[in-house]
């Protein structure tokens, strides 16, 4: 049987959801039988492949590169999962949206006020979006997996349900935050 | 105390209630769950959150079960796809209305809104979230008022008015601009009517009013003691 | 000038890319490490109550949230003017050891060992933890279990493995350790100890095979900075800052961590969201210093636990004057720290004091400023807050462990690139070496993207006219 | 009403008080206008339900509702201040900030909107650098928006200092305001 | 005062009127005053004096005749000649020509016959006839005789019976049978009881109630007093918008006059019935017009609605039984008492009897205030009375029922105006606003405008309305700048249904109507914004088209 192609992506987030994925501990070994991790921060493939079955996307969309990346991912993925609170709601990443001119204000604080030498905004880096967005404001999301981070058990449950061809039901199981 | 003399049908089950009961009370007494948020037993029913709406046979409108009294032979449906859809939508709207960032909230884990989201499977908000920033009032030595998390259920206002009897709090402005106000829009510490009793923090269903430096899981008693409720009923 | 871009760098914790610049004669001139994400914690915490900071800043990083919790809580302790009860401090330390174990295990087993065991030039699609599970199942399983051991300590203390923000609070911790959970952890320690010792032995047995890497992977003199306990032992939670020079001399000792701004400066380069801290007395950019396991072991002469001290003596042989220079040996240092942490966990749990129920001091008093410093797995972590009269944050600065090494990263990748990148053709294996040196540092880019982010990797090779002559995408 | 409402408070409160306009409250009781309000209150027999009427009277006298007036009414009627504040801010008609010397009220009723009132409003906002509902920096003009003044047949309508301009155009309104300044 | 005295006053007044051959009536309502009606009144008085016609010609003020688009207007009796756009300087000439020379000045004459021929004036029966500031005028046209009849010849039950038979329904918008409502209050045993006359007409573009109050305040007072007699109330409140200064002044004066004549107060017309009326001012809150919110407002609280039950008929003001009627409803009452319920029930349609006042505005040639019998079609109103859209433009839609009404397309114009038909079409009767929209207006923009209004006026008590409407608006905004998606339309519709079904009060329950009806009848226009990046009316500023990859 061909293994299910799974990808995990990490946008603007803290990696906690990926860590929670790894917190499945020895169950990862069982999973290795069923899935093939075709793209992930923990594997060495640099370009997002075509025809991915399931993609877990952690983090909010906060800069132009991520926006572009997410659109590519969407095109190449059958089932896109918003993985964790940042991807689902914006969470902490989106707290900067509460400021009027958020991009300027956050950059000013970090790269001018709090710096001793060569104060400047980094320019040769992806431009920040005016607001950080949860995924579904940018692309279509097929499944939401909230939590900060979602627990390893929940991830395991969802993944196994999907692998077995069922739609996982989150009612009463998940929790924001 | 009056007898349970009113017979009604809730979700196909025949139940008996006192004539003074509301649908919510009758359902609760019979172990039927109806979600609530602005309702707190012992305080005047408010009817604002609309989560407890039910269908009453013969009435084209949805009725809030916390305010509608029972009547004989009433047929009530508390749980239908339509109702649950509306409930989900309401929870979504509440989550989107202000910045509910559960992960960094004092109420995380003991928040009624969060719990409802879990129960009804509101795993995201289909409407975009607001990011308006409200000043947090931390002037009081013991309590904090964080408007960013307020859902305007007005439990705090009612408990302050009806139980403590002071009415320090009210709502200012209206519509989407409504927010809780202390005296004449004073910093809390400058309120001259506040008795610092803390009832408001005890009934807040979310993390909007809380005791400084304490997570809600340690401080909250969201339900009023039975004898208080009983006294209020009289 | 030519340019080679590795985008994204993989198997590190975050988003980054690398650009390698070549001269006209195809020799490597410089290499740069770019961090491409930014979140702005220092700004958006403004206006929030200071005691929300631990749980908020824990979200800078999902790998080492405990370190952030600690640094943040320590800053808050000062703002609240409390002295943490011994019981609370003990549990904070215990949790931190859990975190060091899991974080180091993550880097070594999940991220770096595919290079070490499968080879730098092995098939890229297999060169990961899943490949390892297949090829070296026992080894992979050991890594998983060691990480689990660490994570479980955190979970047993706080009820949650990641982002236990509600547990570590200003003034201490929220709940004491129960006897039952204490015993559960204690029962697992011998096994964990056995696993790490085995790993250390394996590593030492194979170390000869990595002569080349040791020689070329970021092997250069720098300053080393980190916390030491007041009696000069290895320390992760509290203590003084010690700076050791390239030749092993103590340049500065007993520095007050709360005065970090007197000796650490920060600079910005336009090509990275990650800032460049430097040792102020030397200046920018010459004040390069390294932090993290390697630096920590360089600045101490003793760890304070029997097994770890034994390993330390052996380890120091790889350097002179007690200073080990090769970045590659971060791996070695990391394993020793795991060993040390497990020993410490055992030591702490065997003492009944760990069950002390007085774990949190409470206070409403506010000071207007607080600085918390802790040794995160990746190095010295600094949180600095200012609050107004009511305790609302008005300003914040964070210097993240990973950031401290920023200057060193660039030096290290330049060194590796100079050694391996030649001519117009690139091979995957070459680029993997560039990444491997970064992995050795174990940068945590989610941390640095409080200030950064993403780490998969493409290398572009540009000629001196700026034309792309080759591009290598790792797949 | 001579007691200091802030007696026996913490030092912090003292500071807050100094920054607060209410601190002057006890001094203003001799204000003749307050006496006028008191008379109205008495005329209504101190009835709490006539709060709106009293706010109307106070606004007519003062031009707007200062906090000290609200507090005064609250104390006289024995209504909690927060309730008075809640009521005063609920209704659009009550103004809690001092309005500019010239009031320009735009009708944004359906008929006026359909006939282009919004464009005139934006033009005025741009030219005089005032947003709707706000007062210009020099305190000269305030722009108010109302929903229907009831002269829909003459839409769009703009009221400038009590003078109604029916079938208004951008030019007529701008000219009229310019002539005022 | 005794009932007979009313008759006497009427006779004296009649004689006084007959003493003058001519009667020049200057409309002094809010529609005409901004355009110089006061000065005009003065100019006519001066002209009459100057020409020495004081004994032949009486100059008087009067209420609105409805043709506000040609303000100010003057009516000259006999013959009820309507002069439009009269300026003070024309006064002398008009008096000279019309009164002295007996010649009608064609240049000033209002020529749109159809505007009046299709109307049927019951409520506004006295507008343009009497001087609203004189109670004697009202009495002279039969005013207060209904009250006298009710008090002297009828029991409260009989009054309620007649009202029930008449089939009169609430004119505030919901159309609840008035007789039934009175009956509920009458049956309630708690005391005291209250009557509230609702004059908080907040709909933008609607001014029927104001006109009524300005033109015929005593009709309201008389209707209210009869209602109070029928239900057994002792105290009445007229709740009026503060934005209607003239109506407030007029009503204040009318109440004083009625009091001095003993028509309200203690022992009215010599009976044992006591009833007092107090005027209460709103302060700019549309929601205060809602049946329960008005109670809160009168009690001096924030005008937030209360859940029903308990209904106001059982527990209203201060928890006491309260009858709340719209002033237009009340103004019908004297007629029903005088002529009998059966007579009234023959007007209009069988299910919807009587007439309804509408403010006809927007892109029509003859905007103004009209009163038409129930059952008249929208087409008749828009094209015959209103004269259709102005030259060169195309009719697009008609919005019936104020901001929370529905947008109906041309194909729906044959719809008869009655509560049921309108509701079925997605519109409502509301307080009677008809706004005509032509092809210059964008339908999305129009929907947004109404949502905007309801959002601003939402009291904020219940979640669907408070939090939902801003989201609806947000989506409409998005569509208007060309960033909308088809998914958004789905969300828009779902949200609208939520707000409609789950909101606490009428404001929320009807607020999404403009969106739902436009989505229903004008979906194409939405899709054109979304898919083609074009606004058919050319109104929206669509910045860019996002290429949606499929």
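Read from first to last, the chains carry the letters A, B, C, D and E; within each, the first residue is number 1.
Here is the rule we go by: contacts are C-beta pairs under 8 Å (C-beta built on N, C-alpha and C of every residue); 3 or more make two chains touch, one makes a residue touch a chain.
Treat the numbers as computed from the prediction; the structure is a model and nothing was measured.
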Check: Which chain's centre, taken as the mean of its Cα atoms, is farthest from the centre of chain E?
Finding: C
Note to self: As a test of understanding: of all chains, whose mean C-alpha position lies farthest from that of chain D?
What the structure shows: C
Next item on the list: Can you figure out the chain closest to the middle, judged by Cα centres?
Entry: B
Next item on the list: Just list the two chains that share the greatest number of C-beta contact pairs.
Entry: A-C
Notebook entry, point to check: Cα centroid separation between chain A and chain E, in whole Å?
Noted result: 57
Notebook entry, point to check: Hey, how far is the Cα centre of chain C from the one of chain D, in Å?
Noted result: 59
Checklist line | Averaged-CA centre spacing for the pair chain C and chain B, given as whole angstrom | finding: 45
Check: Roughly how many whole angstrom separate the Cα centroids of chain A and chain C?
Finding: 22
Check: Touching two or more other chains, which residues of chain D qualify?
Finding: 12, 83, 86, 90
Notebook entry, point to check: For chain C, which residues are shared contacts with two or more other chains?
Noted result: 56, 59, 163
Notebook entry, point to check: So which stretches of chain B touch two or more other chains?
Noted result: 103-104, 108-109, 126, 128, 133, 139, 141, 170-171, 173-174
Next item on the list: Can you check the complex and tell me which residues of chain E touch chain D?
Entry: 30-31, 34-35, 67-69, 71, 202-207, 210, 242-244, 280-286, 288, 297-303, 318, 359, 361-363, 367-369, 399, 402-403, 433, 435, 437, 441, 446, 449-450, 453, 456-457, 459
Checklist line | chain C residues within the chain A interface of the complex | finding: 7-8, 10-15, 34-45, 56, 59-63, 65, 106, 110-111, 124-125, 127-130, 133-134, 137, 140-141, 144-145, 147-148, 151, 161-163, 265-273, 275-276, 278, 280, 284, 395-397, 432, 444, 446, 449, 451, 453-458, 473-475
Notebook entry, point to check: Contact residues on chain A for chain B in the complex?
Noted result: 82, 85, 88-92, 94-95, 97-99, 131, 134, 136-137, 141, 144-146, 148, 169-177
Item checked: Complex contacts: residues of chain B adjacent to chain D -> 139, 141, 161, 166-174, 181-187, 189-190, 192-193
Margin query: Can you tell me which positions in chain D touch chain E when the two form their complex?
Written below: 48-53, 55-56, 79, 83, 86-87, 90-94, 108-115, 146-155, 157, 163-164, 166
